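Encoded as structure tokens, here's the structure I'll be asking about.
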Amino acid sequence: MSRAALLVLADGRFPAGGHAHSGGAEAAVAAGRVTDAASLADFCRGRLHTTGLTAAALAAAAALGVDPLELDAAADARTPSAALRTAARKLGRQLMRAARATWPSAELDALAAARPRGAHQPVVLGLTARAAALGPTDAAYCAAYETLSGPATATVRLLSLDPFDATAVLARLAPDVDRIADQATDAARRVLDHGPDALPAASAPLLEISAEAHGGWPVRLFAS
Amino acid sequence: MHLDHATTYPERHTHSADAQRPDGTRRALRIGLGGPVGSGKTATVAALCRALRDTVSLAVVTNDIYTREDAAFLLREAVLPPERITAVETGACPHTAIRDDISANLEAVEDLEDEVGPLDLILVESGGDNLTATFSKGLVDAQIFVIDVAGGDDIPRKGGPGVTTADLLVVNKTDLAPYVGSDLGRMARDAKEQRAELPVVFQSLRTDDGVGPVAEWVRARLRDWASA
Amino acid sequence: MTAPADLAPVGLATAGVRDIAGVQATARIVAEVDPRRGSTVLPVLAGEGPLAVRRTRGAGAEAQVTLVGAMSGPLGGDHLTVEAEARAGARLRIGSAAATIALPGQAGEPAHYAVRLTVEDGAELHWLPEQLISVHGSDLRVTTHAELAPHARLLLREEQVLGRSDEPPGRLTTRLTLRHAGRVLLDQELACGPGAPGGWDGPAVLGGHRAVGQLVAVRPEFADDPPKPRTLGEYAALTPLAGPAVLVTAVAPDALRLRRTLDEAVRLLR
């Protein structure tokens, strides 16, 4: 395993389309729920412990070699919002393109062929980690961290938030990311014995509700 | 910008993106249109669609700062059937979507080819950005940079990657030059200095067939693409 | 609580002694079509301990059952289970006479409340209990599992209220799983209250709201013609799932306003 491969995959500049998505932050900012660094931190913590945990476990399970199509179906069941399913598949397809160019693998090719319109992004992320010879915990870290970095970057643009404050939010949440990555990896190992039902299904009602509202906005900066 | 690189940008007449579709057929030529806000990119795209649509199978991808504004304009103007116009959302960073992370745009051009193809040409319009925004060679085969006389006649002199390296520089709204005190001769000389042999077109879309020279340049690129 | 006049006790309470370890009780309801009359009958209707079940007057050919709380609870340490099955072609509607109130136990251990629903082809089940109220100091784990045949119909509502009025909530974890034609259609977990993972009351999850609810409708015709996603005010949304079903998720300041939103959703889905 190359630790540097983890840096490549987790780099915010990895060209996989994430820059156009706010992870729900645009809707939360518009609703007045995120207004400053403190509310951004609270938003990020909530997202990390809900959809972040679910995404990290899906990624870890894919990295462990669990059938990605089974995981894709499990991701569908854990993403009730149609708008968020669309966003997850769009991002999965974009990540797939970058992944196949950077770490070519037969498993990535097979998933791309089976889901030409895109598999859920965390599943593709886990399979990408596997192609890069990374482990399940690495995949979980990437997914968990992305849960935070997307909203933090978007909030800098949306609120003109001080970028140092936004980065400090990410740093303070590092211990939470560690815990989520561990929990997600444990859950992913249980999937090997018990199937995808062993995956966490933590959800966030406000993220789901506001994703549907955001999907209908005529003018917005971010795709989700 | 790097002044020491002013006239030494790499040659752009290359097709780094795979020219074949997965089924082995040749894909559509992709031409990017970039340039600052308000210079007339969308109007040029609309005029190109009208000039070319009877002889060329084409589609358009827009990259808006906000979603769908430019796509909505093209739809209202009915320059193409709606299924031939796609908007890409850029997360407040239009230059990122055409240069640093082109995945959403690649998906959009591929979807257009799948859904309304076969296509000869896809025009990819960038969101209005600054003078440094250029298209990745992984996304487009050639690019047009659109500036206008009202933005100041010193823009060609200032250079920047768009002005110096675009395959075609379009100086738009020449009809406004007398009103805004822009010296077209000076713009032409400065452009020549920055671009050496790369072509420049002065254009006013208010005249009949104002887009003619740009449309002719696009047709020439299509002939090159077909014979390559 | 006043029982409606037509409540008739059916089944036997066999458990009900509550010691420090808590109560284990299961209520069972089975509905099937009476082939002679075409209406739905209840060959099994059995309550136990704190879970009493009554057949109440239903409309037309459907059977209606009301869950009646015979004791307060669930209390910490209790394990309560409700199993309901609508066999092929049956129409069953289950409600409850009052809200379920999660209370603290003596030893501080969590209470468990499991709901298992099975709906066969051509059958329709409405699971519309009153709210679940998480009282300060309580700790309740709720699991709702519905197993649906390809041509089953389901209308399911769950509402959680965090604390009685002006009271901080207890700890509440809910998991809702729907399997349709053998594959998981919805799997959703929500944890809130003291000790829940961080951010549960923040701007991504509940944002200070004290009532949260879901309404699920599964109908075979949604496979070809699913309702379009839409919002219902600022704090509720209807979304098609990745199968013949829709989910309405809502948050509200209190139980009354939550119910109003979910009632509106039911009307929309008619």
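Side notes on the structure shown:
Note that the chains take the letters A, B and C in the order they are written out, and that residue 1 is the start of every chain.
Everything below uses one rule, namely that contacts are C-beta pairs under 8 Å (C-beta built on N, C-alpha and C of every residue); 3 or more make two chains touch, one makes a residue touch a chain.
Predicted model only: the values in this text are computed from it and were never measured.
Here the chain at the heart of the structure, going by C-alpha means, is A. No other pair of chains has as many C-beta pairs in contact as A-C.
Farthest from chain C in terms of Cα centroid separation is B. If you average the Cα atoms of chain A and of chain B, the two centres end up 33 Å apart. Computed centre separation for the pair chain B/chain C is 57 angstrom, with centres defined by C-alpha atoms. Those residues of chain A in touch with two or more other chains do not exist in this structure. Of all the residues in chain B, the ones that touch chain A in their complex are 65-69, 88-93, 96-97, 100-104, 106-107. For chain A in complex with chain C, the residues that touch the partner chain are 24, 28, 31, 33-34, 39, 42-50, 53, 73-74, 76-78, 80-83, 85, 176, 196-197, 199-213, 215-216. Residues 13, 15-22, 90, 93-95, 97-98, 154, 157-158, 217-223 of chain A are the ones that touch chain B when the two sit in their complex. Note for the complex: chain C touches chain A at residues 175, 177-178, 183-191, 197-200, 202-207, 212, 229-231, 234-242, 247, 249-251.
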